[in-house]
Amino acid sequence: MRPSGRKFNQLREISIEPSILKHAEGSCIVKFGNTHVICSASIDESVPRFLKGRGNGWVTAEYGMLPRSTKERMQRESSNGKQGGRTLEIQRLIGRSMRAAVDLKVLGERQIYIDCDVVNADGGTRTAAITGSYVALHLAIRTMMDKKIIRTNPLIAQVAAISCGIYKGKAVLDLDYAEDSAAEVDANFVFNQKGNLIEIQGTGEESDFTTEQLLEMLKIASDGCSELFRLQNQVLLQL
Amino acid sequence: MRPSGRKFNQLREISIEPSILKHAEGSCIVKFGNTHVICSASIDESVPRFLKGRGNGWVTAEYGMLPRSTKERMQRESSNGKQGGRTLEIQRLIGRSMRAAVDLKVLGERQIYIDCDVVNADGGTRTAAITGSYVALHLAIRTMMDKKIIRTNPLIAQVAAISCGIYKGKAVLDLDYAEDSAAEVDANFVFNQKGNLIEIQGTGEESDFTTEQLLEMLKIASDGCSELFRLQNQVLLQL
Amino acid sequence: MRPSGRKFNQLREISIEPSILKHAEGSCIVKFGNTHVICSASIDESVPRFLKGRGNGWVTAEYGMLPRSTKERMQRESSNGKQGGRTLEIQRLIGRSMRAAVDLKVLGERQIYIDCDVVNADGGTRTAAITGSYVALHLAIRTMMDKKIIRTNPLIAQVAAISCGIYKGKAVLDLDYAEDSAAEVDANFVFNQKGNLIEIQGTGEESDFTTEQLLEMLKIASDGCSELFRLQNQVLLQL
Amino acid sequence: MRPSGRKFNQLREISIEPSILKHAEGSCIVKFGNTHVICSASIDESVPRFLKGRGNGWVTAEYGMLPRSTKERMQRESSNGKQGGRTLEIQRLIGRSMRAAVDLKVLGERQIYIDCDVVNADGGTRTAAITGSYVALHLAIRTMMDKKIIRTNPLIAQVAAISCGIYKGKAVLDLDYAEDSAAEVDANFVFNQKGNLIEIQGTGEESDFTTEQLLEMLKIASDGCSELFRLQNQVLLQL
Amino acid sequence: MRPSGRKFNQLREISIEPSILKHAEGSCIVKFGNTHVICSASIDESVPRFLKGRGNGWVTAEYGMLPRSTKERMQRESSNGKQGGRTLEIQRLIGRSMRAAVDLKVLGERQIYIDCDVVNADGGTRTAAITGSYVALHLAIRTMMDKKIIRTNPLIAQVAAISCGIYKGKAVLDLDYAEDSAAEVDANFVFNQKGNLIEIQGTGEESDFTTEQLLEMLKIASDGCSELFRLQNQVLLQL
Amino acid sequence: MRPSGRKFNQLREISIEPSILKHAEGSCIVKFGNTHVICSASIDESVPRFLKGRGNGWVTAEYGMLPRSTKERMQRESSNGKQGGRTLEIQRLIGRSMRAAVDLKVLGERQIYIDCDVVNADGGTRTAAITGSYVALHLAIRTMMDKKIIRTNPLIAQVAAISCGIYKGKAVLDLDYAEDSAAEVDANFVFNQKGNLIEIQGTGEESDFTTEQLLEMLKIASDGCSELFRLQNQVLLQL
């Protein structure tokens, strides 16, 4: 029995409200239960130094949490003077996942900045962030097409992510904080719409895990992402 | 004629939605037209070092902007490694304004952390932040009273703030970004519910200003804050 | 009765010794009683990035305190790794005030760096710094004219600043540390030689204040600055 | 055909030279082909703040690269003023992996610091670091037992790690830099001696991957780690 | 022939004005020609962590330059975010030199902070700083004796410093900037009143140097410091 | 009697193993007894900003210690966020010493980066680092000549360094940690192959020292460096 009463393979209530930022080329607020993340995609007509003059584009991401998104107030990373290891790890993951959605050659020598800011945190912020970032990215590219900044659509994949865990010996989907903090194994899966993996990260700090358990998690994660793809499309089609 | 079509002494449409953060003792999102700020108040059962052992409390504030709250994406201060001068200046102002609302002796040796995070910026973020912070602060103190953490209410004043400017030679209230960037003089006023000043800041970088112009601004700011006190109370009474 | 025995509208003894730095284009040490500040103006033949190629100049300021300018030794900001909020706030104020003295178009695409370093602190360092900075700025511009770096004088206003406060219920001028730390209200006024305001900052952290009190302070500040303009001119004319 | 001529499931030549640091409680230099990492384990009789007074121990890790361990000289992170995201990600992984080897309750309120410094880098530095860190950790615990700092051995698992990738469509083991930079999919596996997973990380930035491909990699990684366990034991038994 | 017309073993005009800082326990401004340094000594009733509870005192130093003490304006180290290597090197030298003047056991568990701030720089700032710091230190210890903070005088040596160089093949004393920047060898000597060495630093970046040249410099440095001891005593006796 | 049983003018066992880094243009590991330092020289086809466009080259150095090179684990400077004063002082010394070996005009507009990383520390790391850096530098220049990056050999001197001290009243050579921490005077000497000085640094924090003692140290240091030149050449000739 899960703390939330959900079935082992049941997502929390998911919603995606698009275009909530006045200035961003693409944005949304994504909610996985009580986890709420503002995602935006910003177009920047320059690229990082290492890409200058090659004609290729780039997609990068930054992640932050509002100080009181958490149970105890966290110190603001800007006043702390640096981003923590967890923050850097998550934003690198979001960046890789979004680059998997875009043909960087077709994008051309420009950059898309993804920003994910957590307003309320209740477990699974990174997978919610990826799922919302895809919507923001998609909308930003639509803006670029509408404004004829680019002629060819550089989107090559639809991307979503979900967490799984081994909780009391059993694979469960989309852990909230109560489960997450008690789970033996914690894993995150990023899929594309073909059902193939973009990224997998699994950690058994409290307990090791077997290939069978990994496959159990993989199965319900894959199904969960199918549902997320449906929700993303529902939002993107209605605009 | 103002760009927005408003009268010289007319506020933008103001709304305050309370308790939007799951974990904070007090919170709201305040909207002055297209300027949207999430404000929270967090109780911390310790005080800064310089106050240890004196029995007095403290109220402090931090301010930040989501990278894409602005027309051009701003660099995230946490990745930049420090808070800029404007950020520090604003959060010091918010902190002083909120301390004017609280009897720190009655609060006892604990601290209230105010966090203001701008989601959308269209001028007047600091005055919107102060106006919303008072609501978050009030709710956090209500939480403390309900939980019997304190027995006596430490609130001694109601506080709100509004910007004014000299725009095309005339005093106008609550400038949006279009006016703000073209105004000759820019001023911010923090009032308490008695109509007395808590703080005044006026800058004439583009033009000097006279005592008469200062008094014109002061008059419409005072009236504007009366309206803000009414709106704060409406929200606080309905809870 | 003021701790120093001065009348409510009486300045401390003021002196300005010009050209005390061997290398600077303009410099002085300004003394308001026991508050001593070294001010310099340095010409830099480049401008900040945001102004490149526009033909306009810039004036900016930095402020610091010698570690033992204060009663208790302060930590050196360079060894602390950053400038504090108060420092940034003050140097932004000095920069704005000095820009109000200069036609940046006439200055041309170059920058004047104002540096204010407090040797002894006894209240009112920021207003002493502004008053001294104008002298340093004036001398630096004279150097530029003498060296024919510019042909037209870009000075458009004379600028001075003074602090006021409400001390035991009454407006007083040019507070020293003893008064400053006990005052109910603390305000700083920057004027130009026409008697118009460049900047006003008033804070009532210990007590609110009325429009009448603000006007009282404004009146004695305006008179105090007239005296400061006379002293600045006396120094500038004798060179 | 692999660039190195190795079979798809063949490790590079591996060696582990123990006790190369004069002062460390445990240390080794581990070599996976041309990837050389100095690993040390240091005993610290204090714990991080969040563990104070709970009686539990901690294991943490730090990772660095000599500036010229790489083809192009890298900027030294200490002169750069911060550790990069990749560094933090890797040292967090090493820390989690080593904690999986230790019963933190039995360790008692003390900390073991793992340091991994890359002398030569040719792909797979993080997995070499984990494999070597286990040896350093084991030796440090042996030191603690010998010195009677602890009476019960807190080691609960043997840990090793190896990288795999999909290179030209096929799963290959222990990628060197030439393969790593051309691989479609890059994954790292941390196993314990029971053949169970401690951690899995797989990224398909250049290409997505299927469950079947994941299982292929998992299989050869598991076999590779068996060989690593044998080599670790060979070193540890001869001391 | 020296640029300044001085003899090879002739000091610049030296002056020491004591007690120029209102708050410091000991202070002076020392002038070696156009090199002017404000030195202060501050008593701190705590010691660095590594000395806690041992009963011994400590003397430490910090050094800084006003941004426009130099020909070209230097970036302020506080706004740069760190002290440069040259600054750290110099303040470590000053600290060691002052510790050589004090019996740290007799000083007791407290610390003396030396601050040296260069107002005008024309070569030899570090040796001027040491020479002035001794005066500030001496005065601070006199303050401690007068206030009966300590009963026994902890001063065990008088300390002064001077620079020498090989300029056009010949040893010269107390180089100004014109000589310093053209000298083949640059050296600094710290002596005590017995004529013994506390510290020697000699660098031949432009040219190597022989033992004979070193001894030549040593001789005139020793004589120069005798003169500095006389000047220090003259100042200290008249107070 | 020295703790190590060595004669007063006897070096520790010295060895230099060249070319231990796979990627560096020149490298070695140098051992002075239990002090082991990895030195590398890297060619960089650009120069620091202050040298751009002048046709001259540059040699610079960085120094670091592995966290567990010391008896107690040191905090990693990269995680500490900055290099300490001792580190900066040492790397500036290494840089100056290596520049004395090279004609920067002949080197041409490029830079050689020297990196010294201490693996085991037992006193004298900076002098070992200089002695090893010369070998790395020499090998890197040989690489440049072999690759015809330069046609003329820019080496103008051979450089080595050794420490001396006054230990129990007597001058001794090449102090290990046991002696170093108990010595009254500590000095470092950098010589070229002509027997002339490049740099001298002597500190008497525990005790002053006389010219005679300085000369005693100078004599045995000079003889010690002759031996180091022989060892360097032996290594360089066999390659």
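Think of it as A, B, C, D, E and F in the order they're written, each chain with its own count starting at 1.
The definition used in the following text is that a residue touches a chain if its C-beta (ideal position, glycine included) is under 8 Å from a C-beta of that chain, and two chains touch if they have at least 3 such contacts.
Treat the numbers as computed from the prediction; the structure is a model and nothing was measured.
A.B. asks: Looking at the contacts, which chains touch chain C and chain F alike?
C.D. replies: Under the touch definition, chain C and chain F have E as mutual neighbours.
A.B. asks: Between 0 and 180 degrees and rounded to the nearest 5, what angle rotates chain A's CA atoms onto those of chain D?
C.D. replies: Rounded to 5 degrees, the superposing rotation is 180 degrees.
A.B. asks: How big is the gap, in whole Å, between where the Cα atoms of chain A centre and where those of chain F centre?
C.D. replies: Roughly 50 Å, centre to centre.
A.B. asks: Where the CA atoms of chain C average out and where those of chain D average out, how many Å apart are those spots?
C.D. replies: Here chain C and chain D have centroids separated by 59 Å.
A.B. asks: What whole-number Å value describes the gap between the mean CA coordinates of chain A and chain B?
C.D. replies: Spacing between the chain centres: roughly 33 Å.
A.B. asks: Considering chain C alone, which of its residues make contact with at least two other chains?
C.D. replies: Residues 81-82.
A.B. asks: Listed in ring order from chain A, and going the way that reaches chain B first, which chains are there?
C.D. replies: A, B, C, E, F, D
A.B. asks: State the interface residues of chain A toward chain D in the complex, per the touch definition above.
C.D. replies: Residues 82, 84-86, 88-89, 91-92, 96, 99-100, 157, 187, 192, 194, 196-205, 208-211, 214-215, 218.
A.B. asks: Where on chain D does chain F make contact in their complex?
C.D. replies: Residue list for chain D touching chain F: 20-24, 27, 34, 38, 40, 42, 44, 62, 64, 66-71, 73, 76-83, 87, 113, 115, 117, 119-120, 122.
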